[in-house]
Amino acid sequence: MIVVNTKAYKEGIGKNAVELARIMERVAENFKIDIAIAVQPSDIYMIASQTSIPVFSQHIDAINYGSHTGWILPHAIREAGAVGSLLNHSEHRMKIEDIAEAIKIAKNLGLKTIACASNVGITEAIACLSPDYVAIEPPELIGGDISVTKAKPSIVRDAVDAVKKINERVKVLCGAGIKDGNDVAKAVELGADGILVASGIVKAKDREKVLNEMAEAMK
Amino acid sequence: MIVVNTKAYKEGIGKNAVELARIMERVAENFKIDIAIAVQPSDIYMIASQTSIPVFSQHIDAINYGSHTGWILPHAIREAGAVGSLLNHSEHRMKIEDIAEAIKIAKNLGLKTIACASNVGITEAIACLSPDYVAIEPPELIGGDISVTKAKPSIVRDAVDAVKKINERVKVLCGAGIKDGNDVAKAVELGADGILVASGIVKAKDREKVLNEMAEAMK
Amino acid sequence: MIVVNTKAYKEGIGKNAVELARIMERVAENFKIDIAIAVQPSDIYMIASQTSIPVFSQHIDAINYGSHTGWILPHAIREAGAVGSLLNHSEHRMKIEDIAEAIKIAKNLGLKTIACASNVGITEAIACLSPDYVAIEPPELIGGDISVTKAKPSIVRDAVDAVKKINERVKVLCGAGIKDGNDVAKAVELGADGILVASGIVKAKDREKVLNEMAEAMK
Amino acid sequence: MIVVNTKAYKEGIGKNAVELARIMERVAENFKIDIAIAVQPSDIYMIASQTSIPVFSQHIDAINYGSHTGWILPHAIREAGAVGSLLNHSEHRMKIEDIAEAIKIAKNLGLKTIACASNVGITEAIACLSPDYVAIEPPELIGGDISVTKAKPSIVRDAVDAVKKINERVKVLCGAGIKDGNDVAKAVELGADGILVASGIVKAKDREKVLNEMAEAMK
């Protein structure tokens, strides 16, 4: 699986996000692979109702229906059309009890969770909480030019091994600095089930070309 | 102005929120008054594109375009159709520097801000930051059965006086426990420019009836 | 081990904390068991320099020397005489990356860590981060009259089993509602290496008597 | 007044903090001016019991006696010997309701408060909450080589004017990049009642010399 996180990038908001989702739709159909987009909550409905690719929220709070003004309700993003959410992204770290609770709430609602982790120990810890995916992203490489698969290949392999020992059903994504097909091929070779990518796609000059390369490497 | 905050109430999410917005639309047209809805970010687009009432986000973060995964981007809620946002709600208190920054960002984007405050001193402090509205809501009365206008009328009057002294352009809303037309009439009498209401409307048995009464009292 | 958390209780601050520490000192010597006190940072030096019992901070932040005004520096509590710190107490939940980092910093400084967890899954997750102790405390029982060992004995046993599977060197404490010797005996029987207790000691009428009973049960 | 914030600098922790406090003691006596030190909570008792200079905590939380494990209790830092606390430092921003509440609690306990603010609008807002001091520190200048009094003299003057209009009893400190006597003289000339300084003193090669110069300029 390829998950494209649009962050709060201008190129990944509103109409730009819909346009990006349409590119992703074409590539996903051509290569018959899963490509999902993780967007601002306010963009979920528009993308989910106009395209066929799976839409994730970039965050949900560990809350149920009730008096929680201004927090992101899992039930609300689901009704808007999301199929899941990122959790604990390096730009939005969460308390451990909230990660656990958010995963539980999401599971009850049939929402998928992708929980991020900055190193192998934390990847292992989060695997104990049974999200659908753990995404390992060394923070010092996020947004940079060298991919995690080049800079720290062992971290990806160790994360995969550690997670499998804890809970076989948890899948592993890797992220940080992923820029092209080679990075993706390497991730797969290291045992990852997919990648989490942001600027590498969203801010690429030719987004469809890069995505095609990555999808090709994923097959 | 009447601002209806749907919080994370089941009755105020997704299709339920759109239905509520349609009721508000009818009442607003009948009485020629301003009625706005403050919703989950994921509901903004659906309501803004299907109804004519002003839509507020329940929160925005003090961020601009960039690497801010999972935080609520003012630019994104605007593109989804919001005309403004609540800030510093008692269920989502903000750092003072973030309130100031969020107001500034909102202003640059043409978004209105309604900043909440729990007492007169804080109302005065927030008025210094020049939001469009300050909403005074004593937290101990929120969600309760006795309205702020009955329990603490002086707090509303003092807030109105304090704000006018600081910044004449800042309008004052009052909230907490507002349940019927009498509460609204009293709020207006005390000098408030409007009310911020949640369960009083969202969880009312006959929402249109209560809203009609409140609108009548507002005229 | 018995760890007494004085929270921000009047009975556990300043001179009162020293007095309590002296009681703990006597009991610890009589029964030859480990009894530690977890206090406000501002009380560490006074207790550590006037008594012989191990002093823990109630919290440390995941920081090193530098520009961190107002955060609790591990190096500072160590120099004041602390031998370790609680982490992630239910009244002070931490981000998972900060728990991991605080444990690492503490280890480098020779400080012991007691990381709290609200359920078995989180206990397991935290064990992956290799603190010296995990303390399982179901939040709904904290400060109450029924001890975790009576209300949820299986949670303690499951936590002990889960932790041993993850990392044999991590010890397990249990807490919440611990009031007397029976609760402690039961905790030991369930496999716990000790207890974390607050109001049960700090607010007891006869603190020495209760502590004697607990120490007796611990032997 | 000169307030020296030792942050979490190695040079301002434990014995180093006591040593610095002794230098401050000498300078304060020679020049008959007020010099206070703001330290880690765990260093308050040691400094307050071994020197005569006023000791501030770098932060207090907005809490009273009770179940608040790991938060900084105003009552505790007072009993340890502190005479007041910084609030809302740029490295530890606070929610506006917590600033207001912390000021109220401190006042009831006879503790002085120095609340920090990053710009003139926020300085004005905080003045509405009646701390004893507001310290204006543009964050972009903190820790840098150019003092606020050189880089943005108008911000100091405007802050002083704004505060006087709101509440005459609130005094104004200025900070950020203060390095020598000239910076201090300029601050006084611009109307400030004192300065808040950190690395300029704590990391100076000859701390007594710099402090002497600053004290001289303060007279």
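When the chains are written out, they are named A, B, C and D in that same order, and each has its own residue count from 1.
Everything below uses one rule, namely that a contact is a pair of C-beta atoms (placed from the backbone, for glycine too) under 8 Å apart; a residue touches a chain by one contact, two chains touch by 3 or more.
The model shown is predicted, which means the values in this text are computed figures rather than measured ones.
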Subunit D and subunit B - chains in contact with each: none
Most distant chain from subunit B by Cα centroid: C
Between subunit D and subunit C, distance of the C-alpha-averaged centres to the nearest whole Å: 33
Interchain centroid distance [CA atoms averaged], subunit A/subunit D, Å: 43
For subunit A paired with subunit C, centre-to-centre distance based on mean C-alpha positions, whole Å: 36
Touching two or more other chains - residue numbers and ranges from subunit A: none
Inter-chain touch pairs (all): A-B, A-C, B-D, C-D
Interface residues, subunit A side, partner subunit B - complex: 5, 7-10, 13-15, 38, 40-46, 57-59, 63-73, 75-77, 79-80, 82, 86, 89-92, 142-143, 198
In the complex, subunit C residues that touch subunit A: 88, 93-100, 117-119, 121-122, 124-126, 128-130, 166
